[in-house]
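Scrolling down, you'll hit the structures one after another.
Shared chain: chain A. Partners: chain B in the first complex, chain C in the second.
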Partner chain A sequence: MNNEMKDKYQLSPILLYFLLFVSIIDLGILSYQKTILHFAGYNAWISVFITGIGVHVIVWMIYRILSSFKNEAMDVIDVNRICFGLIIGKIFDAMIIFYFFYGAFLMFRGYLSIVQVWLFPGMPIWPVSLVLIILIYYTVTGGIRTINGLSFWGMLAVIACVLPLLFMLTKYLHPLNLKPLLNHSVTEIMLSSKSMVFQFLGVESLLMIYPFIQSPAKSQKWAHFAVLTSTALYVLLLAITFMFYSENELKLLVWPTLHMYMILHVQFFQRLEHVAVSILCITIIANLSLSLWMASRAARRSFSIKQHRSILVFLFAFLLGAVFIKDYDNLMAFIDPYSATGFYLLFGYIPILFVMMQFKKNRNKP
Partner chain B sequence: MDNPKTAVNTLTQMIHALQKSSDFKTNTIALPYQEIFISYFITLIDETKLQESLILILQRRSSESPIRSTEELLPLIPIHELEITDCLEVIHQKLFKGYVVIRLNEDDQKCALVHIPNQIGFRNSNDTENEFSVVGPKVGFIEDLDTNIHLLRLQINVPSLIVKEMTIGSMSHTRVAILYIDGITNEEIVSRIEKRLKEIDFDIVFDSSQLDQIIADNSNTPFPLFMSTERRDRVVYSLISGQVAFISDGSPYFITGPSTLFDFFISPEDYYLPWILGSFFRLIRIFGVIFSLFASALYVGVMTFHYEVVPHSLLGPLIYSRINVPFTPLLEVLFLEITIEFLREAGARLPTKIGQTLGIVGGIIIGQAAVEAALTSNILIIIVSLSALASFATPIYKMANTIRFLRFPIIVLASIWGGLGIFIGVCFLLVHITRLKSLGFPYTVPIYPFRAAGFKDSFLRLPYQINHSRPSYLRPKLLQRYKPKDVKKHKQEWDEN
Partner chain C sequence: MVKSLFRSIIPLTLCLVLTACGNEKLINEIMLVQTLGFDSIGSNVRGSILIGDYRKKGEVNAALLDTVTTSELDIIHALNAKAKSPLEYGQLGIIVFGNEYSRQGVDAVIENLCRDTRISTRMQLAVTDKSAYDLLHAAKKMKDAYMLSDMIEQSMDNGNLPSTNLQQALYSFYTNGRDLYLPHLTLERNELKADGVALFKDEKYVVQVGLEQSLLLKMLLENTKNGSYLVPDSIKNGNGGLTLLRILKSKTKYSLTKRPSKPLMTIELLINAEIRDVPNRAQYHASDLIPQFEHRIEAYIANEINKLLALCQKYETDPLGLEDIVIRNSQPPMDSSQGDISGFDTEVKVKLDIISQ
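Presenting the complex of A and B:
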């Protein structure tokens, strides 16, 4: 296992926070209110809490898995090799590569459709895709440090997008909307939690970036902190949304966060949703680049494909796919399998790895 | 051109070859017991000094007994830059630096070299001309290396200020001095800069800024990766914060590094004003740069695509001002931006007095006429001239140029994809500056990699009792600069001691 990173490629623990925060919070922040409403109605904020706690457990498990062997920092490729052997391990590797790539692609196309809906309805897709692809290529070839730097700005962008909603909407809110506090069954709330897992996808990137962290043990608190802050952000924004819209109204909207923006205005600016969609570009690019970096890194580690080549293949597939998918409704069909896979990856695959690694560790001990 | 060095093997041949130039003189001084031969470039040496400190002394000494060997000259001549050598290459180089060659016999290989340079051609005034400050010293550097180092030594009175000299340039043999403070500066920086400078193969070095481009980590960037300054206080400040400075002979600009993006928004004046004002002015500068980068692009984006983001009350005047303008916003903005670039470029090249007149002609008359001829809108003129003004709020001219250049791609992007285009441009910029390195150190410290302590002296200039350590990203050997005054923490009652 040739996993010893040179010191200059490594990230100090606090930087992990930005990476994780940005890979958790992405486009979902514009529309998640609607999806989790489906089962638990206005009790859904409890579901967000529950999912948050679940994800904390997953993060803890990931750390236990990857630090099983004290003297070497592993990533998921090594773990697959240890748990499943060479051939089955490679099949899992391939699935993980495809999973990261597919997630990045959905984000890419999803963002473009939001731009099409909110900013430029008649915009042809391929020119803007091309420019974004060049941008992503430039980011990914800068390595994990560049992606991390952009994630920092991406995090600021998310904050800049969400803070006005938290503070400027106060006079339009109806706190009584939140009542009754509990009128759904436990099953409904759990089902909502399950659909909320999709918004937390991104923590699994820890599986790949772990060996790049300087002192992994210290970084765990930052990983948990990233999950904590994103949970808090989701809950707060959800509460604001619930107080702003009535339940039936909210069901009709596709992007409630952006709709809330429409009412805001400052002295010389109104319709801030235009600004918000544009600013989110930074976050999306950071998020995408991280996923593609992980996919190409996994491809290199497992199949020894040069990162430059794999990234070009991925980006070319982006361009084709972006033109192939017609609109947002069309895209939704592609999202469901991803979100299901993501759920089983977090709450199936990772716990299995966790149990297997505990066994392996105990066998190695005596 | 043939290198004269390759054709000659003896000193006599070399002197013979040099005599092709009419300013090269070889004189024979006839003394009572012997003849002495001296050769020099008359344009490079000080003739009166030659008379006083060389010829007169030689005459006086040799009236008693003949001088037998070159070594006997050493105690005679009251100039300490004096050496005896028979190495042709050294002689050749020194001749061009204002040395005089003394031979006792015409075909001697061994000779004495005496340094008698003249100082004509250097300006006497060393006021800072391009980096002006209202408060604080106005001492700047001139085109002479020794004077510059002298100026620095006057302020840093410790033996640990190290000057390392080398020569660069196959034809100019320019002296380049690297300065740092021993025991503070991280040696890795010094060795890195030394290594890069030594690897340079170049013909003539005109200015330090050429060297700075050659040794830069990434030459395909509009951003300056090293600070270049003509101000003494700025160089001293970088030296004591653990950076390295270098300068080439003949250039009034010191290059200091490794630099970060935010160094370019620091003016020495910030340290001479109360910290509240200093911090305020820094923020103004950073705001100015952001404004200058995006103002015209925002105008293009809003006027082309996003009318709806402008409130009604403001939309009226906006539309009214460009109701007669026949061009698209992009063309309108480019027209004005390029006019300003013309003005700047012409103003910078013209003599000062004409430049001022031109500013009035350009700024007022062209602007006024352009609006009356309905080529541009009033509001755009305000935006463009404000952003031109703001771009020059950065204290370093190099950075101002970068900012001025970067607006154009952003304007074009804004004209294609509006707000999204602007932020695509921002993304490119952010990725680019994150990828940049100055001498291997990240360019965007303290934002990324994030260092909370770095904010004390980057965006803000906090008071001296807080701001007492060197920037940690430079990994200085001694972090603490000075012991701060104790801050009184206990709360006293008012009106009582």
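Presenting the complex of A and C:
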């Protein structure tokens, strides 16, 4: 557990807020309304609240797990070693590396699909992939503080994209759509909450960032605040979407948030959705860079692979995968296993670690 | 120093390079479809388009192309074979449905538009009693490919047409307990005219209402700030004369009262209107002629609204979304398929406030 950080690599607690916010809110913000509609219909906003509360509990657990031994700031690699020993621990490490890489890849390909559908139909995928890959490489090799700087702008980009929708659509909203307040069963609402977990994936990055925070105990409130603001953003945007569309129409759309932009226009821009997709690029690059940084960091900690080498391998896989997956429908098949894994990571793996660490801690007490 | 400079130049250069990824499209090398029309010819569809022609500086013209295909989906594709430059429909301003076509159902087009990412949802849709081709032909003579959409938008802003666009049409089309309504266009002595609203039952056009009824519809659908309404009454002569009301402001409130038998839907309409040319103003103000006139007009408008609702009921169409209100307020929650316009009674209350100038 030789994991002490030099000050110059560390982040002050408040900066954790930007990292977490950007890793929670990503491309999903453009399409989550449709996914959670499937089970709970227009009652789905309740599900977002429930998931938000669940994620708060997970954040609390992560802090408890990682601060089990007061004098050392650990990450998930240390925890795996303590809980599962060397060999099984390494298997878990490998799974975590793959999980972060796979999540980043899906985000990367998802964003490219959106660029293809909304901005440049008929554009070959590889030139834009290559340019993004070089940008990502540049950010990731800059280290966690560079990624953090980009995350700040990423957060502003999300806000810049969502704010116009909250205020400029009032003329087209039908508040009556939110009624009846409760016409779905508890099971349906819980199933919808389960599918909403996918949108909150990203909080698990705490497992890797934790040792990089200057005074971890102080950062917990910022982690919770990031979850709180993301929940609020999700609920607000969901309410606006539900008032804007009728349920039958919403089921047909792939990216409801972008479709809402199609009605707006300002003096200089006829099509604001193009601006939104372009601005979101910052958020996506910040998010991707963080995931790749975590994957490469875990690879270095567990398998002693140099970080820039693993990043190059990951990015090469990005390029191949991006060309291999033909379109968005094709991509959907790859998203489901990730979504399921993410759910069990948050609500299975982390609680198990939590319980195990409590035992270990008690045993280590004199 | 050199390294950090180099590092900051790379992303900037890449951002510039990124802009070259899209295909370049120059305005005089593509043709912008600005108006699109659909007609039925037997089992086939005739598509006609008006294209803005921007080749010469300062000169605007419009070109008309048409083709007959078996399906709506390949109209643009089929028309491309007739165009000398590629057709782009991202700037589409309006789609016009011919009479025959809209009576057979506009669902195929609407379902396509719903997911289309190229067009703007501010675009207009309209129905005509002639063929869409004739309308486009008339618009072409005006040398303005946006003629039809501009005309409709002008009527919505300043006239009697209820405001709508693709977004609102999609909303009405896809909401249970709400039906589609679109502006109705016609040709009057070879000139284009927006002459009312076309009401739909599901995807099929069923009946047209005139401009007077359009204004009633507009007041019931939105907070109106414009529109004029002719009433067969006058302050001076009572039922003998005619008065033109200029609507300044209107507001509608819907409330649902539960009753043991059928629920009661109360529609309260508040109107602020002005009348011009009031003779002997001082005399009228002193007497109670104006309040009496207001009462008569209130009763008249309420009666006209009832007629409009009866017409809607006859054709089983619900542009106001009254069923939607009933479905959403029912307790226990009603299945959306159970809504039925005959399942509730309506009561119309009108409050008119005349501001004379």
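Quick note on the criterion: the second predicted complex is superposed on the first by the 366 of 366 C-alpha atoms of A that agree within 3 Å, B and C clash if a C-alpha of one lies under 4 Å from a C-alpha of the other, contacts with A are read in each partner's own complex, and residues count from 1 in each chain.
Note that in this section contacts are C-beta pairs under 8 Å (C-beta built on N, C-alpha and C of every residue); 3 or more make two chains touch, one makes a residue touch a chain.
No experiment lies behind these values; they were computed from the predicted model shown.
In the superposed model, A:Leu15 makes contact with chain B only, not with chain C.
By the touch criterion defined above, A:Thr170 reaches neither chain B nor chain C.
Of the two partner chains, neither chain B nor chain C is touched by A:Ser304. Of the two partner chains placed by the overlay, neither chain B nor chain C lies in contact with A:Asn362.
In the superposition on chain A, contact is made by A:Pro180 with chain C only, not with chain B. Judged by the touch definition given at the top, the superposed model places A:Leu252 against chain C, while chain B stays out of reach. In the superposition on chain A, A:Val275 makes contact with chain B only, not with chain C. When the two complexes are overlaid on their common chain A, residue A:Phe152 makes contact with chain B while staying clear of chain C. On chain A, the patch touched by chain B and the patch touched by chain C overlap at residues 119-120, 123, 127-128, 131, 135, 138, 265, 270-271.
Against chain C, the residues of chain A that register as touching in their complex are 117-120, 122-123, 127-128, 131, 134-135, 138, 172, 174, 176-177, 179-180, 182-183, 245-249, 252-254, 258-259, 262-263, 265, 270-271, 273. For chain A in complex with chain B, the residues that touch the partner chain are 12, 14-15, 115, 119-120, 123, 127-128, 131-132, 135, 138-139, 142, 145-146, 148-150, 152-153, 265, 267-272, 274-275, 277-279, 281-282, 285. Of all residues in chain C, those touching chain A in their complex are 7, 10-11, 14, 17-18, 21-23, 111, 114-115, 117, 119-122, 165, 167-168, 170-171, 173-176, 178, 324-325, 328-331, 333.
Contact residues of chain B toward chain A in the complex are 305-306, 308-311, 314, 416-420, 422-424, 426-428, 430-432, 434-435, 444, 447-450.
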